[in-house]
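Each in structure tokens, the structures are laid out below.
Presented sequentially are two complexes of chain A, the first with chain B as partner and the second with chain C.
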Partner chain A sequence: MTEPAARPPVAEDPSWVDLIWVQFGKRKIARGALFGLLGLLLLAIYAPLLASNKPLLWRVADGPLSSPWLLSLFDRNFFENGVDLFFNALLVCVSLLGLPAAWAWRRAATLPRAARGARRARLLLGGIGALLLTLGLNAAAPQARPKEVYPALQAQLEAQGTPVLAVYPPLPHSFRDGVLDQARARPSAAHPLGTDAAGRDVLVRLIFGARISLTIGVFAVSLYISIGTVLGALAGYFGGRVDLVIQRLIEVVICVPSLFLILSVAAFIEDRSIFHIMVIIAAVAWTTPARLVRAEFLRHRNLDFVAAARAIGYPQHTIIFAEILPNTLGPVLVSATFGVASAILTESTMSFLGLGDITVPSWGQMLNAGRTTSEWTLILAPGFAIFVTVSLLNLVGDGFRDAIDPKLRR
Partner chain B sequence: MSAPDPLDPLDPSAPLLRVEGLVKHFPIFKGFFRRQVGSVRAVDGLSFDLARGQTVAMVGESGCGKTTAGRAILRLVEPDAGHVYFRGHDLPAAPPETLRALRRHMQIIFQDPFSSLNPRQTIAQIVGRPLQLHGLAATEAEAEAQVKTLMEKVGLQASYSTRYPHEFSGGQRQRIGIARAVALRPDFIVCDEAVSALDVSVQAQVLNLLLDLKEELGLSYLFITHDLGVVKHLADEVVVLYLGQLCERTTTKALFSAPRHPYTQALLSAVPHPEPGRARKRVILRGDVPSPIAPPSGCRFHTRCPLAHPRCAAEAPAEHTVAPGHVVRCHLYDGNSAPVDILAGAPNGGR
Partner chain C sequence: MLQYTIRRVLLIFPTFFLISLLIFVVLNVAPGRPGAGAGGGGGEQAGQAEQESYRIFKEQFNLDKPIALNLRHLTDLAEVAAWVDAVRAAPGAVPPAARIDAQERLEDYGLVLVPHLLVLLEDADPERQRAAAAWLAVAGQQRFQNDRRGDVVAAREANRAIAAANQEIKGWTWTAAAPAAEVEQKRAAWRAWAAAAPDRLEWTPAERVEMSLLDTRFAKYWQNLLLLDFGVSNIDRRPVLDTLLSKMKYSLSLGTLAVVIAYIVAVPLGIFSAVKQGTTADLVTTIGVFVLYSLPSFFVGTVLLRIFTEGDPLALFPTGDFETLSAGPMTTAERLGDIAWHLVLPVVTYTTGALATLSRYARTGVIDVIRADYIRTARAKGLSEPVVILKHALRNGMIPILTLLGSLLPTLVAGSTVIEVIFNIPGMGQHLYNAINLRDYNAVMAVLLASSVLSLLGILLSDLSYALVDPRISLD
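Let's turn to the complex of A and B:
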């Protein structure tokens, strides 16, 4: 046997995350669905680039060249909703930092494991920091821009004989302000999916609806996964009385028909915003992850590595959250993927029944608006969007579930 | 007995650890109201000393309470009664902060190398984080340097420290478990069947590693095992357990040359001998170990003892000292210290 230092370095085996990722990649349908979701996310982020009634470039006669579109991204009068402002900040960050960040991420793959993890964690933190900075700058920026309707202004100026240079996004319509004399238009070249009762372009609202629906799904699920994980961890680790109380609480919540509860609570809230809706969805859905995490904790808490952690003298919260919890997250993440789909469906149901947030273009709202008309595009378009998104999420969830299951390894 | 600590930590000849009357009963609940209907008497009044730099082996059949005793001493399970004196404290009565600080000085190595390492942590984290917790390394880099030294000490390549447990074999994992235990430079280590999950050639390597580390770091071991070959190889003293109670406690030499308790004699006669064809007298114990939920009356071994007599069923024997440092819990040694041979006098046992 040679000296340990003289041995050639042996290639590292894949870590658990690597294994899951490779397994997931071998499932073609799931991988395709993940790309589909990524596309949906890009669509949501770049929605203003596809559809806006603000010109990307604007010049009147020989005046200065300006970009009302770029300024409108941070205009709290134009984008009233917090969700839209968040996605606009994301748009700026992704456009500026996306490619270098992706390049740095890929380059980190050549590093040894420890350095790679640290590098990627720094990248992630940097990205979040940039996003927060953009949001902060936006909140600090003065907001006093006139609400000009550029297509009308352009028509007026051209009628006076002034030459105007205006470059619009492919769909030069606002998602919010309709043109009333174009209400309920049939699909045409200008409006590929027609317009709704208020004269707003359906395709544009569909694209902006992706922002709302994804936000509701992701935020509601993050909220209830956090609640459920903490309660389930405490119940499973401590057992006894703590478990008894939490278990009874879970049973009480499960016993109440959730749609009934959601609808009655929603009916009591005036000025419902989508944040209320997320909280209501989270309040009834946290029981699933709680029970999953509890079961995983029951399985892990008697394993020797937990006894070892106690013998070392780790404080209890370290044992629960740093030692056991990472081992229980696999099934939770799978249920989260399905949870996003079901949260989107719940929001659509609420909106369809008239208990949603009427100020945002969510797909459920559009469905509800379409129901009162007899235009098939108004009903089928949002219905199809919901169907595609929920299907993609379920396919990805299925793929993750199979990838985590060692019996289904390929 | 009620004094805070009978051991003087400054006296080098005083024992490192003293266990007195340790009891652990696991309650059994039944029915809708979860009434307690009984208890599993896993450990029922165990006492012994562990001297500095010595190895005490605790032996017995499966289910005799060896593992529970080891964990109750470290307070990984809460003992119901008894004292464990260590470093000037009575562990079962120690407040949580004191106990946390004391944990640095007492460690454990587990039987199953597959469940004893956290599958989501790298070796550097498993071995290095305890160092930072107890202030033996100020920074992560310092901990990492110590981890590398430790890994070489237990016979692993230092560059493996960034790997996860699933990338190692059973023997390698057990070495990692040993590195974690010795990392904190403890005074004593409970080895809970530390080698019985490994195959024989690896067993020998790991046992020799444990012996080397003991020499190098001045450790004391409480070695829990059912393998008498291992006991002979490395123990200085032996504690024989049966149904949670002590049968016999003596030096390894005395145990193997002149076992006193009928159970110890039966146990030793069951050890396979490497010399083929040699005719041996064996004692086959009849029946199974009785249930620790309802242990037999009197002496717990009387249902299987070839030398049992009426008194054994009626009265629990006391611990009799038959020679200096040699304790037997058996009525046969009440006022008699000469060995009784189970093979000679066995009415139903000898073959």
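Let's turn to the complex of A and C:
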């Protein structure tokens, strides 16, 4: 008996996702914009590494070597905002696990399709788990607060003749606490873009503002995409009375002047935080994905594969979410990308009008400060930051739209 | 077509009703006390007089009523007794939030509390009797007539009588040290008061249903809305509709000017870009339009203001306002010139935003048409290129951009908050901005409702115009 000859490997058909990914990769501008966005995300994650007034390394005379910077990352008093704590946890996770995870992700490409999906899903879940674990540890851990004002302490110690080793990030300024005697400084080597009226470094606030904008954009859009997808799926799949009710609801929400409503509600909320802002944006914007998903469901629900799924006896939720829903992902992804851009614009408009979260370094708020003081750096810097972010997102959105359009396939 | 139009027009009314319900509920449930900035506050430290004026303020704007569904007539004796006890409990015995909640309920519920409080008046505990009498003096208060449309003299007369009756029952309370005879006399007064009008303490099932649905903030608001009464501002007590209409002319002139200019520029730009598709000229235009599209209008406005106004590099235009405010008498031509001079920067800001969207639509519209067979036919029969483009392609290519006009209607009339705030133009957008900062609920509602009506009309207009210009679309 001889062993049956090993079959030559069968070339798999590329999956739909692969196809779109290849199409997207062929669009150079869109690909570049996606890398730009990735850079922006890294900038947001590693913001404290670029700018912090806590020294990375600190040693007084022959004392022990410490890192007040590392401790400050988890200081709920210094980073009082949930967004910053989230990004700090992300910083830790990405630094420790980022490269191995990326390597494992790429290696999964050699696996057959089913195993690849499962492997990547496990990787994703593991990443989210690690992030939650870091956040949980942070919340549970006792607070170590490096309270000292390190640059001042260093100057004082050196004046006494004590040798001090202090290594600071490239921009040794806090995004939150200003130095009043340096208010409204012109751009200089210490402050590349000058300082604002409270003596805070403009460049540092610009970098930390990326965290706020990206969070608002991504979270608000995820929220309303979820709402819209579920409602649109129900309306499109069941039709009839369900459809009628949801359609009416969509019509009503569309007719409400959204920016006016957003501004009014935001103004009436006391102590609004950026979480309120995300919810408000999501509450008026869910109609776009709802309409898209509904239209796709109407198109798909009478096709053969759905009839087959029914004949096999799949439960309804499997048919809706596992069979039909994946077909609607393309248009939803495109609208989500543009949605992030417009959510960022909406948030900066709100902050510009003084109706945002006044405790966070938001670009719109900085521009508003620039308007009232007519300081050039305060006008141009946040303005360009918004412009660049929105442009990148719009370019990526254009790329996705062309990539999923079969007529434009290259 | 006619049938469709009629159906669509009729559908506007229920949709508008739902929109108003939505806006009303959203604004009212948003955390934050309505009217907190006006009417004398009413915080815990507020004096007696301020408490009273806040109560009247709440009554006048119906803020003491539930938002959309009133189930207060289902309150039972045990609940009322618990609230009364919570408010009079020793400090620290009840959490502050529960105490405030109980107090607000006792202040707001009004007549539905009276039967239960009368029972408590007969309670064995004299302290409870005293508290019940004190709350009866609040709950038994009759409401003033706030109708500004009817006979003012008669209403004033009636209000005077109500005030006298209210003043009288306020006297039927006693201090802890009051002698037994005084207490007995005042309790007798309450019993007589209750017996005098038994019907105000009894409700038939029909009346209960009516109370549930109609004795609410929203129902009261809509009753007035049906008479085109949007209420008065709680800042200056003037009808908000008058103020709104007086603001509209500013927004309308700014919006119309900007949209007209945007169309004049965008259509040729779109055609040019479409005809030269794929060339460098098209690329440059597309990039330019893309840049405009991603520039936030508040950034454009701020930069323009910084460059072109007084004290800046190119002091060509004024820093804001619709016209010179303290100008002497001017002829009409001078005044128009003055307004135009003030409007240059806002219109440019406005136009950059609209231009990007419009020229994108125009380009896509023409590109879609230019490959059609009938255009090839037109070329084949020897028509010149301008005739092919301007006469044949343009008619169909402009359908999308024409129907877009309908959806621009709300911004056209209601203006843009951002631009009006930056350039200090006293239009509807700025009016809304000021109203929300002053918590002027009626004014905010009026602006939101007015622009909802405009977008309803805009959507209708754009659907109808689509059917009118494109015979392939049948609406029936």
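Operating definition for what follows: the second predicted complex is superposed on the first by the 401 of 410 C-alpha atoms of A that agree within 3 Å, B and C clash if a C-alpha of one lies under 4 Å from a C-alpha of the other, contacts with A are read in each partner's own complex, and residues count from 1 in each chain.
By our rule, a contact is a pair of C-beta atoms (placed from the backbone, for glycine too) under 8 Å apart; a residue touches a chain by one contact, two chains touch by 3 or more.
Quick caveat, the model's predicted, so the values are computed rather than measured.
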{"item": "Combined model on chain A: chain C and chain B, fit or clash", "value": "fit"}
{"item": "Partner chain(s) touched by A:A307 [first = chain B, second = chain C, both, neither]", "value": "first"}
{"item": "First, second, both or neither for A:E251, with chain B first and chain C second", "value": "second"}
{"item": "First (chain B), second (chain C), both or neither touched by A:F387", "value": "second"}
{"item": "First, second, both or neither for A:A159, with chain B first and chain C second", "value": "neither"}
{"item": "Touching partner for A:A140 - first (chain B), second (chain C), both, neither", "value": "neither"}
{"item": "Touched partner set for A:L65, first chain B, second chain C, both or neither", "value": "neither"}
{"item": "Of chain C and chain B, partner touching more chain A residues", "value": "C"}
{"item": "First (chain B), second (chain C), both or neither touched by A:N327", "value": "first"}
{"item": "Contacts of A:L345 with chain B and chain C, given as first, second, both or neither", "value": "second"}
{"item": "Which of chain B and chain C A:R371 touches, first, second, both or neither", "value": "second"}
{"item": "Smallest separation in angstrom, by C-alpha atoms, between chain B and chain C in the superposition", "value": "6"}
{"item": "Interface residues of chain A shared between complexes with chain B and chain C", "value": "none"}
{"item": "Sites on chain B touched by chain A in the complex", "value": "71, 74, 76, 99-101, 103-104, 106-108, 110-112, 115-120, 122, 124, 130, 133-134, 152, 157-159, 162-164, 166-167, 177, 180, 184"}
{"item": "Interface residues, chain C side, partner chain A - complex", "value": "15, 18-19, 22-23, 26-27, 30-32, 290-291, 293-296, 298-299, 302-303, 305-306, 312, 410, 414, 417-418, 421-422, 432-433, 436-437, 439, 444, 447-448, 451-452, 455-456, 459"}
{"item": "Partner chain B, residues of chain A touching it in the complex", "value": "4, 7, 9, 12-13, 15-16, 112-114, 303-305, 307-315, 323, 326-327"}
{"item": "Parts of chain A lying in touch with chain C, wherever the complex brings them together", "value": "248, 251-257, 259-261, 263-265, 267-270, 341, 345, 348-349, 352-353, 355, 364, 367, 370-371, 374, 376, 379-380, 383, 386-387, 390-391, 394"}
